[in-house]
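Think of it as A, B, C and D in the order they're written, each chain with its own count starting at 1.
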Amino acid sequence: MDFTFTPDEERFRLELRQWLQDNLPRGWGAPGYEYPKTYEDWARVRRQWDRTLHAGGYAGLSWPREYGGRGATLIEQVIYFEEIARARAPEELNRGAKLLLGPTIIRHGTEAQKQRFLPRILSGDDIWCQGFSEPNAGSDLASISTRAVRDGDMLVVNGQKVWTSYATVADWIFMLVRTDPEAPKHQGITFLLADVRTPGITVRPIVQMTGSREFAETFFDNVRVPIANVLGAVNEGWPVTATALSHERGTLAFHRHAMIRVELDELIDVARRVRRGGQPVSEEPLIRQRLAQCASELDMLRWTLYRNLTRQIQGGPAGAEGSIVKLYWSELYQRITELALEILGPASQIAGGARAEEGGRWQFRFLKSRGDSIHSGTNQIQRNIIAERLLGLPR
Amino acid sequence: MYFDFSKEQYMGRDSARELLDARLPTTRLREMLGTETGFDRDVWRGLAELGSSAVLVPEEHGGLALGFLDLALLLEESGRALLPAPIVETAVMLPLALADAGPRLQKRWLPGIASGDVVATVALGGSEGLPLPAGLGVRAHREGSDLVLDGEALLVPFGEIADVVLLAARMNGSGTHDVSLILLERGDPGISWERVEGLDPTFRTSALTVTGARVGPGRVIGEPGRARGTFERMLDAARAAIALQAVGGAERALQLAVDYAKVRHQFGKPIGSFQAIKHTCADMLVAHETTRSGAYYAAWAVDTRAPDAGVAAAMAKALATEMFRSVAGHAIQVHGGIGFTWEHDLHFYFKRAKYLEFALGTATQCREVVAAARF
Amino acid sequence: MDFTFTPDEERFRLELRQWLQDNLPRGWGAPGYEYPKTYEDWARVRRQWDRTLHAGGYAGLSWPREYGGRGATLIEQVIYFEEIARARAPEELNRGAKLLLGPTIIRHGTEAQKQRFLPRILSGDDIWCQGFSEPNAGSDLASISTRAVRDGDMLVVNGQKVWTSYATVADWIFMLVRTDPEAPKHQGITFLLADVRTPGITVRPIVQMTGSREFAETFFDNVRVPIANVLGAVNEGWPVTATALSHERGTLAFHRHAMIRVELDELIDVARRVRRGGQPVSEEPLIRQRLAQCASELDMLRWTLYRNLTRQIQGGPAGAEGSIVKLYWSELYQRITELALEILGPASQIAGGARAEEGGRWQFRFLKSRGDSIHSGTNQIQRNIIAERLLGLPR
Amino acid sequence: MYFDFSKEQYMGRDSARELLDARLPTTRLREMLGTETGFDRDVWRGLAELGSSAVLVPEEHGGLALGFLDLALLLEESGRALLPAPIVETAVMLPLALADAGPRLQKRWLPGIASGDVVATVALGGSEGLPLPAGLGVRAHREGSDLVLDGEALLVPFGEIADVVLLAARMNGSGTHDVSLILLERGDPGISWERVEGLDPTFRTSALTVTGARVGPGRVIGEPGRARGTFERMLDAARAAIALQAVGGAERALQLAVDYAKVRHQFGKPIGSFQAIKHTCADMLVAHETTRSGAYYAAWAVDTRAPDAGVAAAMAKALATEMFRSVAGHAIQVHGGIGFTWEHDLHFYFKRAKYLEFALGTATQCREVVAAARF
């Protein structure tokens, strides 16, 4: 057992930290910084940030060098996530493509597809959105009903996707379509790449309860997509999907952990600063216990992530352990943000304006946290996965 | 021993529900997000015609001279409909406070309250969030027979449209429990309002700043610094009222979850047939039914001025608002992605629950009331 | 809405209170009283107590007068439970027979059965145990497999029951047997009354994790029971069972509520008495909040019971509301007993001897409370009932 | 960055599990309930042969001079097997305390500890349950160069069979944090034992009463009243050890629940296919895996004397013991009626969990350690 980093890893961390300090967008990184107000401004900042990362050599960290990546080790990827959280850097706009799609194209794509798509993912020239969920296929993803019918060397797509993150600002969509409605549910699915500007695609933003709007519904009306844009083969999209999803719960949790840690540290500062009845709130026994409990649980998360990391480095599966981590952090984060409102007291109710404590950001986080137990597989689904795959309980 | 409402009380409930279902569907609530005041005078008048704010007003002032129990189910309905109006303040707190005021103050305000012409609100807390009354945000000191007021009250419901503001202030230099109750009117010098953007967009709040405002004895209820008893009766009733609103809101959130669980299919079955959803809904119902019982009891205790009214109200307020938040949160989870959207109504319930949790004393503060009374 | 009692009800209460004071076994009722140590001594006290209650006219409170009961109103029954809890009276040994079996015989029994069984239930001459559960039929009661085959005017029973409370001290058992194994699960069941001393019945006590042993396994080896002892008709035992079970979650909850209230009052006294670091434990902010929360929840339970009572008096169904109450009190009681150990501190660990705080009784209650979420339908089953019957969710 | 044990450490784990599975099945544990001491010297010696209590002892005293990490998995196994023996005290606490003692004391006790001939225990808490060291139950005062001891330590593990008792005492009249560490031997005048019937019947405890017991400086570790540093290192390691035992015990309880859920059928299906059971088991695993990570990290921090060792151990102790109690409780619930019987093993796990929860500082007290360090 050893919790130290190698000199190479430490060097990577320090270089990255320095690079972030030099390259972060103006004002970012300061706790009090006012983030862009509109979703469009936000997306613009993030798209620019993707380009900056690319220029700095930090795009596609995990990708092999032959595809323009950095070939970074798992530990370097973890360091990367820790440092960008620490620096409060913007999230990459094209993260889904870099983490999920890229590795999937590398594994299942044709040479032409690799040439065409991979470089533009890294450079941020193509922003991608993910078209998996449908109104009647959420937890039960394999029951998608968006149809694609072959017409010569084209597939003609009709149907609807939902929760397509970033669809309003994306250039491309990777999506699942049903190409054989007669086949069993998990067969007859095709993994397709489509230009969002293809005629017949309509994107309607979905506003979330936080007021932000990074999701959308996407409608397909006789959309013609070349067969050449099928990833894998027609009707054989499910294993391709499995590859993509296996990356969803991978190292990303390190980023969430590191972000929550930055926020919890902020919260501890708040609790020491805000006074109630002449003493800092951090001295109130009830708050104190709950804050200590949150800090402890966050450490449990951290060490669990590191244990999984070692297991992965040793060649163990990433799979269902990711569900443990997702379940744990999403519920922990809900408790932390709820506690934050109690620490702030009645002023936590104020969402904006000069009187808003901490710029209303804890309130935003509090609301946002409610989505964390839903997206990327609801916590009910995560519990199924844990029970069935890790404990071997019957379906 | 009869623990249920009367037929008349249920009829009143039905009328209120009918009115609110018709005039305040959530589509209307959404329209009102964009209006200047976030307040709908037609709905307010409609409720007043049902007697909402006349219930606790004496007959001589045009009221119905009924009891808190006769208002309880209407308050529950107001929670169910997420009514964006200071009904707890106008219909409960002002009549109770004015009961202890002199005849001139009563005559000035009670008839308008009873008729629905007057919209009233109450200004209490400062930003520190200390328990009441220690946490009152405005201080008063005497200058001759006048009181001079300074300070701030955050989160005053619909402050900017209120015709009258009942301000509770602590007396400077005296114990933390010496309360004065003062009636401020719109346009009084030395007071200013600022709209506050709150967590709950359907319920407008403002911050009241008072800077050297001077009021004569005619504006004070009872004696300056001696209104503790009035203040507490008013607070007890308001807590019971909020508990009832939470029960009403939670009922609707639970209903939405159950209805959705019956029709939403995944894996070829309604999701309500999966125990993960089924048991969550069962737990929601258990929490809802039990705290509803407590809220109803608190209503009775307030109505009859039972010795345990303050404890019953504190219990009900703590448990019902926490239940509402939990039920609304679970309802979102049952809905999955759609529950997290602005388009779906659930988030309004979740946000109202969070508003009610902080209003008039947090659950922690309410539990302390229970502890102080019981051990 | 009205929380006062009528003068008649108040009189009933005062008479009962006085009667309890005069008739309670020596020493009982004092908080520090040392209860009988062995199960057999305990059963002896309780059997005697049943006789005393009968002599006092308090046996079969709810039964019609024509069957030797008192014809008490629901409110009088509630008052009864409140008062015996308040007096810390022993539990009736024959409670199952009085609450479940008696009303079931009254509804489904023949005149001969009524004559033979009812008076001896009330007098305590016949103590009954309940033979419903089997090793493979717990939550799924209708899947019992104990067989009974007709032989002339006898039924010959073979099989095994489990969780037969009081079987070691009982005279009679009421039980379910399968008389038609070909019929659908809920048909082919017969409700049977058997003398425990019939040859072929063997009783083996089950010791619980508390160390007490009120349950048993009961084995049936060619046990011959007269057809005349069938309650209802052969193969038609399931509706009879439903009658019996509907009484299980009835007014009994009032007794549990009243007992928990007595215990919580004791616990509040303990918290005020035990000092830690120079102050009573009741002043520690964390304990204080949890104790206040428990007290509040107990009040929620009380008012819910009263609401149900009014509903029942008005002719509403008793049914599934009982599941709400059972679920709520069993989980609340677990929290209360857990809190009790924390209030007592390390000394709570001591189970017996001179150093045991409160005679170790809180520890016993702590362990016992774990059974409350299991017996009479596990809490998982209660949640099913609530969701399906009260919310109409699909099976 | 490598967060796993070494192959050798896993081999040690396997040996310990093999030994305990063979010699300490729960049937044996049940037999021991009826024995005089509740202690099995054969099992103890078997573990000693695996090096259990030699790991932390220096080579010059016959030890293995290894680190806490080399003991961690054996401690986990001891929890899994519900080992009825003062292994935390003998193998962890005594060697750590004696590391700061003079050579004569070391020579007197360490070789015996390393060989397994000596059974040691530690006497700490009084009945009040205050945080350590304020809650130490015995006071010491100086008389010349001697210390005179008075007071009581409740719940001393296997006190009556211990050859040596490490007693931590507060100095009379000084700050609550001035600790003396004294070694008492069996038969010392002024000390008496009384067996205490505890919640966990498989783990014997005794109350130690000290009445004017006089010890010379040769019995004291370090300086009287100055052993705070030693005490805390020892406490940190012991808390990490208890966290590991809790992780081990919980693993077994979870396994029993999962195994049962796979074979027990109701309504024609294994109960493990019902989400109520399935999700409960998933939650148990989540709690178990995450606190296991924390316990392993605490072991590393203790092993390397990392600056956050005390915080890591306090966190792990609080969360792992609460997790163990919760997992054991849920395991009983998953089993239904059978889980509530004496005949089934689960209650022993539940009771051990409750013992560990109270040992060496409650979760509340441990969280306070975290709070004091972090904010």
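A few remarks follow.
The definition used in the following text is that a residue touches a chain if its C-beta (ideal position, glycine included) is under 8 Å from a C-beta of that chain, and two chains touch if they have at least 3 such contacts.
Quick caveat: nothing in here was measured; it's all calculated off a predicted structure.
The chain with its Cα centre farthest from the Cα centre of subunit D is B.
Of the two chain pairs shown, A-D and A-C, the one joined by more C-beta contacts is A-D. For this pair, subunit A with subunit C, the centres built from the Cα atoms lie 53 Å apart.
Chain centres here are Cα averages; for subunit A and subunit B they lie 40 Å apart.
The residues of subunit B that reach two or more other chains are 274-277, 279, 364, listed in rising order. The multi-chain contact residues of subunit A, meaning those touching 2 or more other chains, are 286, 289, 380, 383.
Considering their complex, residues 1-6, 9, 75, 268, 271-272, 282, 288-289, 291-293, 295-297, 299-301, 303-304, 306-307, 309-311, 314, 321, 324, 327-328, 380, 382-384, 386-388, 390-395 of subunit A touch subunit D.
Remark: subunit D residues 274-276, 279 touch subunit B in the complex. Partner subunit B is touched in their complex by these residues of subunit A: 133, 136, 138-140, 143, 162-163, 206-209, 211, 215, 275-277, 286, 341-342, 345-353, 355-356, 360, 363, 366-367, 370-371, 373-375, 378-380, 383.
Interface of subunit A with subunit C (complex): residues 284-286, 289.
Interface of subunit B with subunit A (complex): residues 125, 127-130, 134, 154-155, 194-200, 205, 207, 265-267, 274, 276-277, 329, 332-333, 336-337, 339-343, 346-347, 350-351, 354-355, 358, 362, 364.
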